[in-house]
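As written, the chain order gives the labels A, B and C, with residue 1 at the start of each chain.
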Amino acid sequence: MVKLKDFFCKFYVAIIMLFLYAPIMVLIVSSFNSSKSRVLWGGFTLEWYQQMLNSSIVIGALRNTVVLAVGSAFFATIIGLLASIGIDAMRKKEFSIVMSITNIPMLNADIVTGIAMMLLIFRFMPLGFSSIMLAHITFNIPYVILNILPRFNQMDISTYEAARDLGAGPVTSFFKVVLPDIIPGIVAGFFMAMTMSMDDFVITYFTKGAGVNTLSTMIYGQIKKGIQPTMYALSTMIFAVTILLLITINLITLPKKSGKNKPR
Amino acid sequence: MKKKITMIICLTLTICIAALCGCSNSANDQKTITVINYGMYIDPAILDQFTEETGIVVLYEEASTPEELYSKYSSGAIHYDAVCSSEYIIMKMMADQSLQPIDFTQFEHIDNISDDVWSFCATFDEGNQYALPYFWGTVGLLYNKNMVSTPPTSWDVLFSGEYAGNIIMQNSMRDSFMIALKYLGYSCNTTNPEELAQARDLLINQKPDVQSYLVDEARDEMVAENAAIAVIYSGDGMLGCTYNEDLAYVVPEDGSNLWVDCWGVTAECVDTESVYTFLDYLCCREDIAKQNFEYVYYPTPNTAVLNSLDEELRNDEAVLPKLDSLDNCEVYQLMDDDTTAMMDEYWKQIKAE
Amino acid sequence: MKRKYIALPYLIWMTAFIVLPLVFVAYYAFTTKAGGFTLSNVFAIFDSLHIKATILSLGLSLSCTVLCLLVAFPLALVLRRIHLNHKGLIIIILILPMWMNSILRILALQMILSKNGILNMILEWLHLAPVEIINTPAAIILGMVYDYLPYMILPIYNSVMDIDQDLIDASSDLGARFGYRLRHVILPLSKPGIISGITMVFIPCLTSFVIPDILGGGKIQLLGNVIEQEFITSMNWNLGAGLSFALLIFVIIGLIFTQKHETKYKESRVW
């Protein structure tokens, strides 16, 4: 009975994984398709991989995407962490005002956030790479805060007070006592910000300057005329590299077996 | 856990630094021009070749529809030096005075542009001052020979209901109205509210029969045989025929739209010399224009390119229609604001149905 | 120095990049093209055309949210049950699809669902009737579920994993059956995750326009498409801003209702 139940559980997980990964499989297969039309199979080829590596436009877009993702996540995490420390200490009224405003970028239609940002930024500086960076940092901060703030709540404040009582300064006690507790939130926030930045199209589209492309805007430009197979090749590469990275990290830092089913 | 986090942080920092190193390639003394064009409407290799030959860097922006292109331009967020768009957008920009006259005498290879196309452009750009033709073509039907009973010769097939659920229409306001108006026997440039209302009703009635409203994606759908008939621009229609031999392209006898995409130089452009060099290089020079033609596959106005093509291709009227055989076809005219607003409203009603 | 002043850099940033742009949008929303004050742009959402799109958007987003919830909550329980000692790995597996460009993934989904697509090929091979789902609202819902499912799974998974096993054991020792445990122990304890999940799925669904465009074949007009068209095609920024402002007000009112009883930190972390 238990075995049957276990089987159903695993089956359910497998079905959902299939749902999530089937389109990605299609992308991977398409990247080896020698026909330029995405709906025909013309035989196996590696040509698109070669073309992709030789195309300065594709590589440039990839570089922009990565720098934006990592850079905006990095700055958003720093600003968001500082913000969380401060917001946590606020009284209820201030807290709810600040949090309502923080939520606005997540509640507003992307297209409106994008246009509003464009209207603001181009008054003060020419649109370019840095304007996208500013916009990405802005829409990333709320996600960082939402990941870090609950950690403060779960944390036991008395350990911090104990550290202070024992003579540690506020900064030392923060780094020694508080930070280890909230680090999972910081990491999660960082990665979530990175994901959001990589996935964004609408806000990037409006805030980008001439000739600056990310993968999303480049792909959008191709939707109507037919996606270039090099895009599939690039996605497959990104997928492969991420998987390899994750496997390596997981192999190096194999978790110690903890018998009990408690996540932390 | 701690180890893992340190690992992750180290890794991301490395990526960050590597990426930033790769990023620092700003040379400020270079001449740059900013242009906007439709997506995939140029062989991207040409841009690199141009920079290599002349040292001028082209910042290239893309838009997917004429309207999107115009709003990108007119939002003012980016200063463009040259735009390439459909003739009715170019007309609108001429009317707004956002274009400056082009001094074609500075173009080395301007003689390559065919006189026919020049005179055709003159219908909206008197004296050929503002617009340099890039590619031209028609709007027609792409159909699957195995899925239609008789080869269509009229827009009628879209409205008769015979191919219900197997029709792909254009997701573009002007083109959809053009088809309905032509089918009803009116001009596609009509400003008569009654005629427009009739066209709207026709399109609303047709909507249940339509499989989807697409732009150039229609080509791939036809290649995959997901539909029997699609409204399509000639170049994409031809490309579709090369992928799937069962497909054929036809311009209906009731008449259609003849369009030409042109380059214009914006009024705020200062470095006209670089822009002229670029346009001359792209549109007029034989080898480059040919390279571009082979990539884009739309009828080119460049006679030198046409003459260099092999006989069979040159005489293929589907690839390169003869301008004089398209008597029923009209060029779009600039619409007044009231008509535009009315058409916008009607189009919204059709889409909301 | 008071601790709350550490948030100062953020407060400055927030004012400059969230509040100020919002003022710009509000300016467009409440003025005519000529520059005069008007409320017509905001109230335009009650036009018959727009109300139709709004109702359709609400319907589709609601279905998508419910479907996501129905899939995600059992999944979270199952994942807890088969307790892989690898919480990080599960999260990574769920996030990884999001690292592929979403437009490409939706296009791939379209290739799967289309009339002569991969799904119908498989069905034909199995001698089953083909499904004609592409260009219908069902395809849009499926696409939205596909795109936003991870945003529902992750917060629910996090809060389900945080439930103390002792609590569940205790309730079952006291004779609570599965259904009762689910209703009175697990569900209340995972409520914060469910609420974050719902907001993270429902709101982006309301305004998405790329998914309906690709999977709806341009036949189905959602509010997101209307707003996009006002901004991009019709060049009527005032109306576009007005409609989205009205939408924003609806969303905020909705949130106030759902969060009326919530106290300070009830919302669970997202990941």
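Keep in mind that, in the parts below, a contact is a pair of C-beta atoms (placed from the backbone, for glycine too) under 8 Å apart; a residue touches a chain by one contact, two chains touch by 3 or more.
In this text, all values refer to a predicted model and were calculated from it rather than measured experimentally.
Ranked by C-beta contact pairs, the top pair of chains is A-C. The chain with its Cα centre farthest from the Cα centre of subunit A is B.
Inter-chain centre distance (subunit A to subunit B, centres taken as mean C-alpha positions): 35 Å. Once the centre of each chain is set as its mean CA position, subunit A and subunit C turn out to be 16 Å apart.
Multi-chain contact residues of subunit A (touching two or more other chains): 38-39, 220, 223. Residues of subunit B in contact with two or more other chains: 4, 65, 221, 224.
The set of subunit C residues that touch two or more partner chains comprises 88, 231.
Residue ranges on subunit C touching subunit A, taken from their complex, read 2-11, 13-14, 17-22, 24-25, 71, 74-75, 78-83, 85-89, 92-109, 111-112, 118, 146, 149-150, 161-162, 164-165, 196, 199-200, 203-204, 206-207, 209-210, 214, 224, 227-228, 231, 237, 240-241, 244, 247-248, 251-252, 255, 264-265, 267-271.
If you check the complex, the residues on subunit A that touch subunit B are 35, 37-40, 55-57, 63, 66-67, 70-71, 74, 118, 122, 127, 180, 183-184, 187, 190, 206, 209-211, 220-226, 228, 245, 249, 252-253.
Per the touch definition, subunit C reaches subunit B in the complex via residues 49, 52-53, 88, 114-117, 134-135, 216-219, 221, 225-226, 229, 231-235. Residues 1-5, 7-8, 11-12, 15-16, 19-20, 22-23, 34, 36, 38-41, 44, 48, 58-65, 75-78, 80, 215-217, 219-221, 223-224, 236, 243-244 of subunit B touch subunit A in their complex. Partner subunit C is touched in their complex by these residues of subunit A: 6, 9-10, 12-13, 16-17, 19-24, 26-27, 30, 38-39, 79-80, 82-90, 92, 94-95, 98, 101-113, 115-117, 119-120, 134-135, 137-138, 141, 143, 146-151, 153, 185, 188-189, 191-192, 195, 198-199, 201-202, 215-216, 219-220, 223, 227, 231-232, 235, 238-239, 242-243, 246, 250, 255, 257-258, 260-264.
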